Amino acid sequence: MAAKRFYTLSASCPDQIGIIARVAGFIAGHGGWILESSYHADAGDDDDLGSKDTGSGGRYFMRMQVKADSLPFHLAEFRERFRPLAEELSMIWRISDSAVKRRVVILVSTQEHCLYDLLARWQSRELDIEIPCVVSNHDTFKSFVEWHGIPFHHVPVPADNKPAAFAEIARLYDEVRGDTMVLARYMQILPADFCARYSGEIINIHHSFLPSFVGARPYHQAYRRGVKLIGATCHYVTADLDQGPIIEQDVIRIDHSDSIDDMVRYGKDIEKAVLARGLRYHLEDRVLVHANKTVIFR
Amino acid sequence: MAAKRFYTLSASCPDQIGIIARVAGFIAGHGGWILESSYHADAGDDDDLGSKDTGSGGRYFMRMQVKADSLPFHLAEFRERFRPLAEELSMIWRISDSAVKRRVVILVSTQEHCLYDLLARWQSRELDIEIPCVVSNHDTFKSFVEWHGIPFHHVPVPADNKPAAFAEIARLYDEVRGDTMVLARYMQILPADFCARYSGEIINIHHSFLPSFVGARPYHQAYRRGVKLIGATCHYVTADLDQGPIIEQDVIRIDHSDSIDDMVRYGKDIEKAVLARGLRYHLEDRVLVHANKTVIFR
Amino acid sequence: MAAKRFYTLSASCPDQIGIIARVAGFIAGHGGWILESSYHADAGDDDDLGSKDTGSGGRYFMRMQVKADSLPFHLAEFRERFRPLAEELSMIWRISDSAVKRRVVILVSTQEHCLYDLLARWQSRELDIEIPCVVSNHDTFKSFVEWHGIPFHHVPVPADNKPAAFAEIARLYDEVRGDTMVLARYMQILPADFCARYSGEIINIHHSFLPSFVGARPYHQAYRRGVKLIGATCHYVTADLDQGPIIEQDVIRIDHSDSIDDMVRYGKDIEKAVLARGLRYHLEDRVLVHANKTVIFR
Amino acid sequence: MAAKRFYTLSASCPDQIGIIARVAGFIAGHGGWILESSYHADAGDDDDLGSKDTGSGGRYFMRMQVKADSLPFHLAEFRERFRPLAEELSMIWRISDSAVKRRVVILVSTQEHCLYDLLARWQSRELDIEIPCVVSNHDTFKSFVEWHGIPFHHVPVPADNKPAAFAEIARLYDEVRGDTMVLARYMQILPADFCARYSGEIINIHHSFLPSFVGARPYHQAYRRGVKLIGATCHYVTADLDQGPIIEQDVIRIDHSDSIDDMVRYGKDIEKAVLARGLRYHLEDRVLVHANKTVIFR
């Protein structure tokens, strides 16, 4: 992958005839080589069972990877030249450059599995990102993180002064110019204004198959209900706890012989796999959000 | 399987030292050959994380298949001789005979997939049961069912006289000495007294991964929430809608491109597989219910 | 679905700059509304790990669903007008019409599960196809098939005269103008010339997770090897037994307590689900074959 | 778990009437509290479809966890007292003590994912084991391992002197009194005599769903064959490459858009999950091997 630099254009807009033709035509007109492209039309009516005309109120989603050196200009000019078409189509859009590493700040508490997993993927360049720092409300992983050459910030979150703690986290995140915040089993509820300020940038891993078992101690809830599968959900954080757009989910089979401890253990494996997949989709601009749902161009 | 007749003893009782030794000792004392056996101890405290003594309030579950011709007596005498030990251990227990086919009444509305699936399994003797009749609130499948040589009863369920309809269904079920009732996508809510009367005998397939999406139109609910997996749940019917003990569950992956129609279609495959597995566990006395949960000795 | 008529264009061609722009431009130029579209570029070098220029030897695959009444012409003219562009791009291509039902001939032996499953899907119009006839080397399902109003042909396949039997099957298939042949657990090896004649039209369900356990009695092979999952594979039939392009696969977990009988039973559920999914992909022109592999535009 | 000390008795023997009664009777006779127990009878004939008498050649498997302080003696005496019964039943057996940590030596090359994963589980005591040392044919992970306080041995394996290298590995393993060796993506083929010497103690993770894609570069093989799922297999190492008894397997779905790089990446997630589950089964004496297959008392 590393050797092939590309730009990723991801966008959504009201549906109409000719969108692909115009966007692909724009790219081809400049000699651009499309490496990968995905499109999706959403009829915009969730009671529609597929039989109605999509012309009214539908939304169109797209993602294209264009080989960088096939274009006669650089990123800034690409954006500038694309802007008029994007505006004409009323697009929400972005173009990113595979040569610019995303800057991911990890928040963690005292559970190690997601942190180890993310650092292993970073170490091997499977996740080709910058991790400018790790923030925690505990100092459990200070030396482990620092061994990796990554700064570690211990920001306690006292019950009587959460705003100050999150102001500090915001300051650290802004200071390092983070573009993504990963809650790697960070056991604090984020303030609503914090969620709003970084909307679309904060990714959480919830230890249940949402919408089952919202809130605290989902494995205990699952144990009590006697479910036969447990799961995990990677989602964007919004002010509504555990209600944000779902990016990725998965489950694993359990049975009556599994204790809550066993469920926690099985759950960790699902959590880290689901978080890693969801984070990757996000980092590669494969996730487009609309109406509290996600389109994932896997 | 057919050639090897066996008795199945399934039981639960308060946990104490020596249960297996006494029950297995009883069987061995009569020369009984145990083909298959399973045991489970439940600590009886769902907040217990495995560290406490199980002596207080635990419950013990067991299931044994004993080769019929290895015992020097028949079923009735087996039960008679086992009774004193069962009472001493305060057991809830049953002994069934593999040579006696279970009598399963199927209730269906207008969706064909579970009905076809069950009849195919019955036809091939994969499900080695009697189906004394099929009951429906529609006559859609009358000729299909009758082609199989199975009586079909059309019992409409008018909104203004549900009690009479369910009285008739009870009469039909009792008349054929049914021992299990399968709701194969039967789209009627059963009256509470009906549920109570046939407690532990009625199996439903719900078209969601419970406890997500209780109630009506779960695929519409799932579509709206944007989940990445959909599922189905086979459970015993109780007076609390969709709250009965869960027997079996499974899921299948979907994505943003799947319409509600697609989800319904994928869902059907999960529904029939989950119903068939759950029904088999029930028919083979592999399901023991306790505290609204199931032990499944798969 | 039924209410929305569309044309499906599926094609592959040597990769080059501007393919999407030209094809989507052609559609948009006639006012065509693209309901769904998928594209894939294959670098054409399976040792390539993603880093090489795709310009050399790559192949491009695409599929578009165009709303029929958005175009100012009918199918024949659509094809005629598209042909010059297709030739210029050296495409292998087809355009099909959702209003024309595919004609699927089912071949079956004595196992019922796939047959029941396909007929249930046909009955409910989940599979919106014609089944002009069912052909079998046994007469087991004659009356069941005929009850559905579908002609049934018993064509025995004597060991000493297979060519005549397959000549008769070819005659029946041609007579009804079949376009797809489904081997629904048809337990005969097809002659090489028969496979060649109907290349790309014959779909088989193999009862193992290929390439494991090629050939006869795969569940016995799986039992002996002690695998922990068993599977099924839906693939196109070629002259090389069990070596054709794979369309769909799935697996299910088993354990040491499962006998071969149990594996056969679990396997049936996977077989019918996998066959149904694979067949649907084929019927909706979602499968493009290249170099003994498939692109599936799910 | 930590607070509840128990002994684990695992055993297999020729099948006969009364085994459970005698073993459970022995335990109960000393006041032993059985926390968990599992039994399995194998008919011993893989062509048997369940209908034959199991009396001829069958083998019986069992595993019991007995609460340590419920017995009036310690481990050595438990073994001594159990020995006569074990001999009478011709058992292969062992009794282990949950208070004695297993000593697991990890062998690794240059891929980090399994190593990080195992150390994270060890760190959190999810895997409650000793890791007396890590051995590698490269020095890539020296400082990472040592940071954890675990000795690291760099043992190069020159092509022209493998015997000396493996003699050194054997010496290190024996010196630390290892009881399990984990090949955490250790990219060297072990000499036959080494496999024989530590038979049943060496666990490998193979990066394919065996028996598919034996040998080198399984993801390349899978890519070429066009499979729709890839997997991993945890197995005991024997002198026959990739042919040892399978402990655990799992798969993950891929599609045509996944490059070999993507497959490697997805595969890593399966590999570490499967290895961790398989290793746990082994460490908890849940695996009984017979005839190159495993019974897993999960």
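By written order: A, B, C and D. Residues from 1 in each chain.
The rule is short, and it goes like this: contacts are C-beta pairs under 8 Å (C-beta built on N, C-alpha and C of every residue); 3 or more make two chains touch, one makes a residue touch a chain.
This structure is a prediction, so every number in the text was calculated from the model and none was measured.
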Minimum number of chain-to-chain touching steps separating subunit A from subunit C: 1
Identity of the chain that, by mean CA position, is farthest from subunit A: B
Rotation angle (°) superposing Cα atoms of subunit A on subunit B, nearest 5: 180
Proportion of interface numbers common to subunit B and subunit C (over half same, under half different): same
Centroid distance [mean C-alpha coordinates] between subunit D and subunit C, Å: 41
Between subunit D and subunit A, distance of the C-alpha-averaged centres to the nearest whole Å: 36
Where subunit C touches two or more other chains at once, by residue number: 1, 36, 40, 50, 257, 261, 298
Sites on subunit A touched by subunit C in the complex: 1-4, 17-18, 20-22, 24-25, 27-29, 31-41, 50-55, 70, 253
Partner subunit C, residues of subunit B touching it in the complex: 1, 36, 111-113, 116-117, 119-121, 123-124, 126, 144, 147, 257, 261, 265, 268-269, 273, 276, 298
Residues on subunit A engaged by subunit B in the complex (per definition of touch): 40, 42-43, 46-50, 209-213, 220, 223-229, 231, 245-246, 248-251, 255-257, 259-261, 292-296, 298
